[in-house]
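Following this line, the structures themselves.
Next come two complexes, and both contain subunit A; in the first it sits with subunit B, in the second with subunit C.
Then we have the complex of A and B:
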């Protein structure tokens, strides 16, 4: 037990330092924060002009509030989707693919380290990094502080299925070239809720995708209705994806890890 | 003479049952199968593996790489420092792993394995990239670990290298594995001493001695002084001249007799060495001696235990 905790610590330490030394990873991690800043700037302008237009009407204050709520939702949703998508694909799909391509994974597994420990360390580090980047995005977005706790909870929950699926895809990649291919579906699925504003049909599909549940929950949170009955379905969707991710991971990781 | 129908059978009986180290000259495919077989018999013993395609850790330095594996193996900073020192990596401790020469990368692999104090150790072509100095660091580590009870399986190297390590050397022919050592020393060693003594000095006829070897279609006549050593591999005998091996039709016994008066010595059943080219005798364990030559590659040749005594006597007198 002691030995496996020590090994897990060593592996996590390695994953963190390796990430910090890798410029590609850093770019992937900084990107969501930059995007949220950009969105905030664009949305701020839109919100401002909308506010001015509605200024003469009755009930303008209520409208302003809705618009602001909507902007907050769009910003935070962008933050979550981008962060989960970028960190998972960079750290897991690309990261594991590199380890496979260069046989690092094999070296580790032949050095009396189990596949479970390697995967657990990777998954935990990715989850922590995702949470940190999500927090950074939140502060950059300028959203009201009372949303922070629900936002973080939703962010971590929404990241779980993607992390599990990315671990599998990373292990399935033979090299970094295949990782490029495999990270595309992950990214598309993850950012689908971001794009659901563009078409109602896409919105209906996105609701049932892995991060769709999280996006719906986030919307409820910004509307102050997180603890209502409406939250049940998105929560169930997220839980279902987590379970599915666990099952797929459990079935495949051992074979994929040893398969060179 | 020990003989096995497959590499799996060899590992099963020599390594798993008898706990003997084995060193194989074999094809790449057999190397792969040997590794799988070692993994299969490892059980819960601490293992260490040195593979040619080991890589990655590009963003690590030598030191951070070893520290990481030190944490995995549970060894402290002192062990890491000792490994750096033993394998001559101290002055590149801060070099990136990706910038290391092939030799140093190999040494780093051995330093990593040393941290685990393995009980069973598999190496692919362990001496391939190593120069004479690095070779002695690695061989002495292998010898120390062997004394501590580690079982080594090395594969893919030429028989000459296989014979340098403690344990039994094997070679492969058409999927079958043959022992290169057994029954050789005791028998063959006695005959060798006598023939060398019957020197025909005081004869004033000009003596011409040339060794005929094949180079493609041509036959070369080599001056014995050009030859660094003679090697017998897969039933063909080769004369090594400046790093090239030339096959010769002469038998090892004929060669030994002819070359004896030019200062050649049968240091192993499969090797005749030009003593003039030997620069160093190395000893790692009680039973393993190596001769290091002064040729371009600083070739190491095995010196059988039985013949070591004979060599000492013969060349002390002169």
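Then we have the complex of A and C:
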């Protein structure tokens, strides 16, 4: 037990050091925050004019509230989708693929470090960094503080299945080229809820994708209806993806880690 | 004889239809430095992979610390150090940081790091990032990482490849010291002089089978051609044997005033190797 804690600590320290010195990883961390900032700027302008238009024929107060609620939802949803796509997925897949390509993964295992320990360290570091980036995105978005706790809970929950699947994808990548290839479909799946405003059909599908549950929960949270019966389905969707992620991970990681 | 630390008994391995290792048998007692020689593709790295559980054998028995390898525990693997042909370090971390990582992973004292840096001639470069290191610096760092926890059993796959003669000699000295302290060493190399210097016993592997296995001196006695090489004025290079007939031939050349120089062709491992494998390497 003592030895595994020591090894886990060493691995996590290495993962963090390596991440902070890797420009690609820094991009994966900075990009979501920059994106939310950009979105806020654009939405702020759009929202302002929408509010003014609405104010002409309706109670300005009530309408401003709805518009602001919608903007908050869009910003926070963008924050989660981008963070989970870039930080929980792309960064993780890329980092593990590099360890495979450069043979550092095998070298660790020859030093009596188990695949479990390596995966656990990567997963934990990714989860913590995801939470930090999500929090940064929240503050940058200017959303009201009472949403912070539910937003963070939803963000961490929504990141779990993607982290599990990304661990598997990272191990399955032979090199960083393959990692880039594998990251694209998962990124599209992850950001689908962000794009669901463009088409109702996409919206219907996106609700059942890995981050779809989190997006629905987030919408309920901004509407103040997180603890109602409507939350059951998105929670179930998220839970189902976490279980699926666990099963896929459990089935594949050992074989993939020891593969040449 | 002391206890056997590592052994293979009738071990075979195929990749698809290709037989790579054929009926390998050897046993290595504690404290022995055992050299595994053979041409490229003979199966040296594959043998190390079997012994370190990176591959599964098709047939035969392998034992580690006196027990079947399939029962080996994590505690057993803490007593082993491995330098593989693909051992790699973290590019964006310095030499010292890489060693610190492995010290922490192995639960070894950080105090070993300055000692190993010094011995490997890396003390002045310890802050250099691995991505800025030469091949030899990387190799020495990887070797230091494999030694960080003072293993009882060492697997070294071509440990001195890419090293300059001075570094090579220092590594040989270190291996001799380790061996003297009871560390068992399983080493592959293409350098016959290295095998002669470092190894108590060598096995020569050819096409996945052991062609010979003995002390280097014994092999040299057994396989070396006992020859005298004479450079002559007009008859080119003449080879004769070290016996009565050879002596007579040499006397004749001397009388004819033909002899420029006489060399005794001392037996060496290289010659044994070529004799046994019939190949350059």
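Basically, the second predicted complex is superposed on the first by the 259 of 260 C-alpha atoms of A that agree within 3 Å, B and C clash if a C-alpha of one lies under 4 Å from a C-alpha of the other, contacts with A are read in each partner's own complex, and residues count from 1 in each chain.
The working rule: a residue touches a chain if its C-beta (ideal position, glycine included) is under 8 Å from a C-beta of that chain, and two chains touch if they have at least 3 such contacts.
Not measured: the values here are computed from a predicted model.
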| item | value |
| --- | --- |
| Fit-or-clash call for subunit B and subunit C when the two complexes are aligned on subunit A | clash |
| Partner chain in contact with A:107 - subunit B first, subunit C second, else both or neither | both |
| Contacts of A:40 with subunit B and subunit C, given as first, second, both or neither | neither |
| Which of subunit B and subunit C A:21 touches, first, second, both or neither | both |
| Which superposed partner A:219 touches (first subunit B, second subunit C, both, neither) | neither |
| Touched partner set for A:7, first subunit B, second subunit C, both or neither | both |
| Where subunit A meets both subunit C and subunit B, residue numbers | 3, 6-7, 9-11, 13-14, 17-18, 21-22, 102-104, 106-108, 110-113 |
| Touching residues (chain side subunit B, partner subunit A) in the complex | 39, 46-49, 51, 53-60, 64, 68-69, 71-74, 112, 116 |
| Residues of subunit A that touch subunit B when the two form their complex | 3, 6-7, 9-11, 13-14, 17-18, 21-22, 98-99, 102-104, 106-108, 110-113 |
| For the subunit C and subunit A complex, residues of the former touching the latter | 52, 54, 74, 77-78, 80, 82, 84, 86-93, 97, 101-102, 104-107, 142, 145 |
| Contact footprint of subunit C on subunit A as seen in their complex | 3, 6-7, 9-11, 13-14, 17-18, 21-22, 102-104, 106-108, 110-114, 258 |
